[in-house]
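Chain nomenclature is as follows: A, B and C, assigned in order of appearance, with residue numbering initiated at 1 for each chain independently.
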Amino acid sequence: MTLKEPLRDSPVAGTLSTFIVPGLMLFLLFVILPVLFAAYVSFFRWNGLGGVPTEFVGLENFQALLKDEVFLGDLWRLGLIVVLSLLVQLPLSFGLAMLLHQRFPGRTAFRLLFFVPYVLTEAVTAVLFRLVFSPRRGFADSLLGSLGIDAQIGWLSDRNIIMFVVFGILTWKFFGFHMILFLAGRQNIPDELYEAAAIDGATRGQAFRNITLPLMGPTARMIVFLSVIGAVQLFDLVYVLTGGGPFHASETLAITMYEQGFQRNQIGYASALSIAMFLISLVFALLYQRYVLNRDLQGSITASGGTRS
Amino acid sequence: MRNPLLRPRALVAAGTAALLALSAAACGDSGESDADLTWWHIQNQDPLMSTWQEFADDFEAANDLTIDVQPIENQAFKDRMGTAAQSGDVPDIFHTWGGGVLAEQVEAGLVQDLTGKLDCIDQINPIALEPYTIDGKLYGMPFDAGVVGFWYNMDLFAEAGITQPPATWTEFLAAVEALKAADITPIALAGADKWPGHYYWTYLAMRTVGLDGLAAAAEAGDFSGDGFVQAGQMVADLAALEPFQPGFESAVYGEADGQSAIMGEGLAAMELMGQWAPQAQRDNSGTEGPENLGFFPFPTVEGGTGTATEFLGGGNGYAVAADAPDEALDFLCNFMEPENYSRAITEGNLTPVAADPASVAPEMNEDTQKVVDALASATGTQLYLDQAYPPAIGGVINDATEGLLLGQLTPEDFVAMVNEAWAAEG
Amino acid sequence: MTLTMRNARILRHTGFYIAAFLTTAFVATPILFALLGGFKDNQQLRENALGLPAPWNTANYTDVLASGTFWQQLFSSVFIALVTTFIVVICSAMIAFAFARFAFRGREGLFTLFAAGMMFPFAVAVLPLFIILRTFELLNSPFGVILPQAAFGLPLTIIILRTFFRQIPAEVEEAATIDGAGPWLFFTRILLPMSRPVLATVSVLALVGSWNSFLLPLVVLQKSTWWTLPLGVTQFSGQFASDTAKVLAFVMLAMLPALVFYAFAERHLISGLTAGGTKG
């Protein structure tokens, strides 16, 4: 960073605090305090109805969590979504980004169009897909039928395929976003590199392998990071689509937390689950930052952008 | 920057305007509805949705107040009621099934004690008040009560050559096989909603260990007895016959592809459901329902203690928030005005809770009559377990039954889960 | 030579179009299903799920538009989104300004605290937030949704704005100081107007975030007075479960504002997301 830092005398504390305090208050009250509170409550058994938690149970909630097959299943499904995203969704969005980087008539229109699903609200999308996959009035079965395939597919009811259906919808929703990020990354690669390579006699394929792929690395790593954090938090779409069913086959961490907390009044247990979610994100973010993003650096999630000298 | 909305100044102006609008609109109250009374009910389909709305409109006009009426779908209602209870701010009048869920709300100080406050209480059959009575105090007013049993399509049964409704579990399984052999879906089930499934386990447990056995187990928090494992095994055996409609795992009760619509369209031979089933079949399918709909009590289990006259059941009622104005009580009694109540019974095919049913329902719809007869023959009743027990336990029972039905849990797993939930409730 | 090159290009373009149209079909089919389904009745939906409506039936759309609920939910969504955006942008701009232009003790620590906030999944906080909002009696109030949303929007907005503010040459501020402008005057009269593009970008991000939020309104707003569209759509689909065509019409109408907004603010939205995606 070659910024000129305005060297100012330490300003009057009062002025400074008027700039900082409103936002800081908001942040402490509605972000930091809830997280601390969740950590506190996770050591209690509490149904949340009035008053404060009193029945201290130590680590019992966390121990129960590690034995809870639903929670362990959530983790497994989280892994599945991440792996599928890496294997299917990322290559797809990368390929489309490469495609739309080419000049051909109508590419702007396609770019606009592919991004549309990302703009739609997840919950609304889920209502739509419930109807698309509805067993007797659904659109998906009619479409297959018109293609001559008369299979009764339990899109939302077959435990063996539900996660793939969910993943398909997630892909529909998010590939456009990832494509746009890839496209931006590609556009940041200076054309001169390719021109120089062409002068040196490199083929298109070589240029792609030796210039495009390595220089798209940072973008890809960022997208992986966003996908994982997004997958940990996944709630709206799946909750409205399946409620986590059939029998937990599509449940996510956030859905389990919601059910335990708001439907079964197990606030202590649900808080422990919240904390587990937080730790998963935190550990992942730190490790990812340390071992993967570190190479790319530049203004990443923590304060690295703020350190100079 | 062509879009004027995106200019910071425009944004500031919009924000300021919005803030002003807010202070005008919502000043002084914490976003509460402006209405004098709020009412959440689950009659979210016509005809009763309109009837309820008219009752509210009439009451508004007669008493010069406003009522915020919210018809909410059953499952969504349970979700929102759970959140509302934890928020400590429940609607003035809300639907309740009584039991442990109501008890937990009472314990949190959210529900008004109605003992001696309802002028119309003596018009109601005292037996119907039981689920709403906690420690000798009344916390809710029922408007409907009935039992759960098998509603069956007589024509489809005849087609499969079944002449007599099954009286024992063996006969029942045979009937399921016969229906399957005749290429008829034997049973409609809303797997995603979970509560319709829990009727099966509950009934089987009632038949194997009897009502006393069930009560004793709940008292001790111990469901490990042989009868409970056996009940679970029987649910699993039934599921193994694949008696349910295709896609039942994701079906809900009241939807175009749901349990009651499938019954209404004559696509399944039977469903295990409460007194509201015939009406729901018509509402959800948009048809007139099966031409010949019959009702038979849950079959007995050979060697079990329970009898066919012990019913799982319950009713629908309303509770009043602790801080609700007195008009809420008047509104409840407004339901019991003979004119209103008989209208509700006729239009919504409710099963009357009146002390003198003939006074409000001189001629009952034949489906309703079947429930009334069953209720009259009852030697004992058990409230739906997901309402009778605290939410944490009811939730586990619903969930675990789904696991049994989908072959994901063994009967032993089931019992262990329920026991664990009781232990945690301590 | 030129002919084969042209042939190769045509071939390549054909490949592009095939891939692009396949993707278009993938993207557009569900949306077209909603759009056209809303013009059918339930009978048609069952018997003619694929074809065009015959006859076109506008009753579903007009019914939804004529009902007060849709407009009331639209208003709530817009109102909550605007106020959230306003609060996020103002608070973040002030903090980002302090971070970018003042040197003070604890600055880096404080910045790390905010930046770390990006790692808190919102779902983690929703349960305790609920209890905190209950304590403040903010449940069932639009502010119960607005304030937490704004708070969770701070980190990303601050990071983006700080980066931008730091790029403004120190000379600009020195000139202003010489003219006698204090920090406040500099901030409101010079910095903010100079930052319009980036403010527009972060505003769009905050608007979209608020517009789409579901979990928080779901737990905070139990009473329908302030329901937002996402809540309304899910409730509507439960209430009119047997009327599929009408649900499709409601779904389509609920999607429409976002689509229109996207059409107008596409550039800001995408630049914001790319900034968020690469910086964040």
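Here is the rule we use: a contact is a pair of C-beta atoms (placed from the backbone, for glycine too) under 8 Å apart; a residue touches a chain by one contact, two chains touch by 3 or more.
Quantities reported herein were computed from a predicted structural model and do not represent experimental measurements.
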item: A-C compared against B-C, more contacting pairs; value: A-C
item: Centroid comparison with subunit C (C-alpha atoms), farthest chain; value: B
item: Whole-Å gap separating subunit B and subunit C, where each centre is the average of the chain's CA atoms; value: 38
item: Distance from the mean Cα position of subunit C to that of subunit A, given in whole angstrom; value: 15
item: Set of subunit A residues in contact with two or more other chains; value: 48, 134, 136-137, 262, 267
item: In subunit B, residues with contacts to at least two other chains; value: 83, 86, 88, 256
item: Sequence positions of subunit C contacting 2 or more other chains; value: 42, 87, 90, 130-131, 219, 234, 244
item: Contact set on subunit C toward subunit B in their complex; value: 42, 79, 82-83, 85-87, 89-90, 130-131, 134, 137-144, 192-193, 195-197, 199-200, 203-204, 219, 222-226, 234-235, 238-239, 241-244, 264-265, 268
item: Subunit B - residues contacting subunit A, complex; value: 78-79, 82-83, 85-86, 88, 104-105, 107-110, 191-192, 246-251, 256-257, 390-392, 395-396, 399, 402-403, 406, 408, 424, 426
item: Interface residues, subunit A side, partner subunit C - complex; value: 3-8, 10-11, 15-16, 18-20, 22-24, 26-27, 29-35, 37-38, 41, 48, 95-96, 99-100, 102, 104, 106-107, 110, 112-117, 119-124, 126-132, 134, 136-139, 142-143, 146, 172, 176-177, 180-181, 184-185, 218-219, 222-223, 226, 229, 232-233, 235-236, 240, 253-254, 257-258, 261-262, 267, 270-271, 274-275, 277-278, 281-282, 285, 299, 301-303, 305-307
item: Residues of subunit C touching subunit A in the complex; value: 12-13, 16-17, 19-20, 23-24, 26-31, 33-34, 37, 42, 45-46, 49-50, 87, 90-92, 94-95, 97-99, 101-104, 107-108, 110-132, 147-148, 150-152, 154, 158-159, 162-163, 166-167, 169-170, 173-174, 182-184, 187, 208, 211-212, 214-215, 219, 229-231, 233-234, 237, 244, 247-248, 251, 254-255, 258-259, 261-262, 266, 269-270, 273-274, 277-280
item: Complex contacts: residues of subunit A adjacent to subunit B; value: 45, 47-50, 134-137, 152, 154, 156-159, 242-243, 245-247, 259, 262-267
